[in-house]
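First chain A sits with chain B, and in the next complex the same chain sits with chain C.
And now, the complex of A and B:
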């Protein structure tokens, strides 16, 4: 039982890792908490549905379509909303992102309706190993997330673009003197995080039914993960996501399962009371 | 006034390394902080810009570096007008700048800081492995531990890293905003020696300093900035720190 919950928790954590990473990267460069991460997951799931069910593509191609849609949606919301409000401060941007979230959610609702949808994939028999049940979806999710995390890690730590992103997050004025345009880096970061969120939306659509509110199920755990890891710290976001995922699943040992969201709320509450920088955050989060 | 401004014959604009004319700037909708400054600096010299707190010294260098737009006036580097250029394009035109605080990326390693010094600069001549070797020879302590996070360096080491990053762009003119700020006296004199080495390597240095005696030790000339205007320009050897009190505090002698 505990081993099964641990496995489920790790996979849930991996699923949370991508949006938590997207949230923390945007926070690092643009200095605000983007509340629209959940709705971007929803949008990605619907884009994946269009690719997989409407167009009849294989899931991988549908995920690519979802990534492109997510990137486009983030670039568009930046151009229409966030860049225009940049000088107004992080609270204004946070509230604006709630508005963006509602707009995206309702675009999905008008286009696809309220009914729960799901991908068209052949049911596969779960693997049994040492008494643990491993779903096909769990293997796909874990493998996809691990590959994407490795690629993002290489991008951030070993490429000129990653250096530029970290430089802007660290000190935008000095980055400007070094020839790194904040505007360009911000756009690239939006496109990158949008693609990550869109792709993660497809994985979320494997995990549960696709409906206009599906992103809300992930919203609080994503924020809890990013805050637990220290907002702005990519490694922290992934570690935080794994911890939240495992904690949520393991809570079934002591709590009724429909109370599992309490875990994320409790983590946020405790962090805000005692450790606002999170476990890995070096810099204080102010304003 | 203890003395009339003692003006040296300024270099003709054609051979000035840095030539600032009629420069005005300020923040937001506020009044001018820099109120019409003219300054021509001969190549390979060190000019120390001193003045009381709030006299506009930092604003003056920030405007030259392009971090603050000029409301009026021009900035020329080796004869080329850079007034309309972005901070990075000014670096590419040979005008490097080391800010007072946060002058390195603290969350990046020494190696990454050095890479970023030139990685995104477009069109600067003389940036390459030879320049890298020359610069690192000036600051051997940096090459010793490239994997260290810049944020973990001591104040003096961080200053050396900031100088090295600026010099990697092979500048004609180096703008330094209070390099001695927050350093212990021993480290201040090491920093000043490093600036003297930089000049000896052929770079023109405009040095904004609060620490007047440290600046006087290495500067060729001193200009005094009071309320956003230049009030004195003199050879460093002719200036005694004690004489400056009258100028700084506006007492008429």
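And now, the complex of A and C:
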């Protein structure tokens, strides 16, 4: 039982890792908590649904479509909203991101309705190993996330783009002096995180039904993971996501499953009480 | 038609109360509260549970006190951190309230909710008056809270809060207790949200968790942004005009019959989102800009720049 929950928790954690990473990257470069991550997941899931069910593509192609949609949506929201409000401080951006979230979620609701949808994939018998059930969806999710994380890690640490992103996150003025334009880097970051969120949305749609609120339901665990990792730290976000995933699933041993979300919230509260910088943390205390 | 109008006025009153509260927390003190719906729900359920035993006045006060206490606890946890943390903790709080309301059915009736909440002055209402008394109750409540908020804005407390919002470091350097001020502002706002919840419960006489969705929060933000952050008069105007606009979309259904109910509600929500964004970009000061007081208001002869 416990081993099964640990496995489920690790997969859930991997699933959370992508959006948590996206949240933290945007926070690093633009210094605001983007409350639209959840709705971007939803959008990605519906884009995947269009590719997979409406157009009849294989799931991988649908995921690519979702990633492209996510990237486009993020670029658009940056160009139409966030870029115009950049000078107004993080609170305004925060509230604006809530507005963006409402718009995206309800475009999905308007188009597809409230009914729960799912992808068109052949049901497969779960693999049994040492008394543990492993679903095909879990294998697909774990493999996809690990590959994406490795690619992103290489991109962030070893490429000129990654260096530029870290430079802007660290000190935009100094980066500008060295000829790194914040705007360009911000746009690339938006496209990257949008693609990651879109892809993650498809994985989330594999895990549970696709409905307009699915992203919203991931919101608190995503933020818990990013805060646990210290907002702004990519490695921290992934580690935080794994911990949150395991904590949520393992909580089934002592709590009714309805209270899973409470775990993430409790983690946030405890962290804010005792370790305000997250586990890997950047500075958070204000004046 | 008459009862429809009364209903709208009461809904505007509830939204106005919530907006006034958020205007204190966010507009005046700069504290983002994304958990508005949670506080309103808490107030409503407190009233629903206590009103049959304690009477309406004590129940209303209990609801306000409980919400104030919870706001204080949440703000104490997060207020020394960046804005982002308060925002996420309040969102989490609203979700937890929703989950608790749904699952602790021994207390809250779960998804079925609580029915037969006694209204204030119910025995005084002449037959055929319908919602008349509750309408008066709502208007008096809004007037009281509006008076209280205007008093706060003009008081030294309000001035200090604006100073803290605009530059906490300067305020702290001048010896102002920044943390205590923020906590107090957040608690007062929470209490008013509790009052709004109480009014909601009294009017509906039946509450269930589905009435307290994040839409209340979005709507309150829209009202504060539209009315002008920090301006209470603007806020009431904002809350009223948005409600009218949204109510007007009801009639879209008659014009465009192909739209179903889900699509209509989705459209309204998307409109709120678009409204928030457009107002933030195009008219950040809102309908009625926050009154800026200068040295000249106090010392008409002063010559220096304020």
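As a working rule, the second predicted complex is superposed on the first by the 283 of 287 C-alpha atoms of A that agree within 3 Å, B and C clash if a C-alpha of one lies under 4 Å from a C-alpha of the other, contacts with A are read in each partner's own complex, and residues count from 1 in each chain.
Heads up, the rule we're going with is that contacts are C-beta pairs under 8 Å (C-beta built on N, C-alpha and C of every residue); 3 or more make two chains touch, one makes a residue touch a chain.
Predicted model, so just to flag it, every value in this text is computed and none were measured.
In the superposed model, A:91 lies in contact with chain C only, and not with chain B. Of the two partner chains, neither chain B nor chain C is touched by A:128.
When the two structures are aligned on the shared chain, A:261 is found in touch with chain C, with no touch to chain B.
When the two structures are aligned on the shared chain, A:35 is found in touch with chain C, with no touch to chain B.
In the superposition on chain A, A:164 makes contact with chain B only, while chain C stays out of contact range.
Looking at the shared chain after the overlay, A:176 reaches chain B, while chain C stays out of its contact range. Put chain B and chain C next to each other and count what each touches on chain A; the higher total goes to C. Across the complex, chain B is touched by residues 160, 163-164, 166-167, 169-171, 173-181, 282 of chain A.
Looking at the complex, you find that chain A touches chain C at residues 27, 32-33, 35, 80-81, 84-85, 88, 90-92, 94-96, 98-103, 105-107, 109-110, 113-114, 212, 216, 219-220, 223, 227, 231, 256, 258-259, 261-262, 264-265, 268-269, 272-273, 276, 284-287.
The touching residues of chain C, when paired with chain A in their complex, are 26, 30, 32, 34, 77-78, 80-85, 87-89, 91-93, 95-96, 99, 102-103, 168-169, 172, 178, 214, 218, 221, 225, 262-263, 265-267, 269-270, 272-277, 280-281, 284. Across the interface of their complex, chain A is touched by residues 65, 67, 86-89, 91-92, 97, 99, 102-108, 112, 115-117, 119-122, 151, 165 of chain B.
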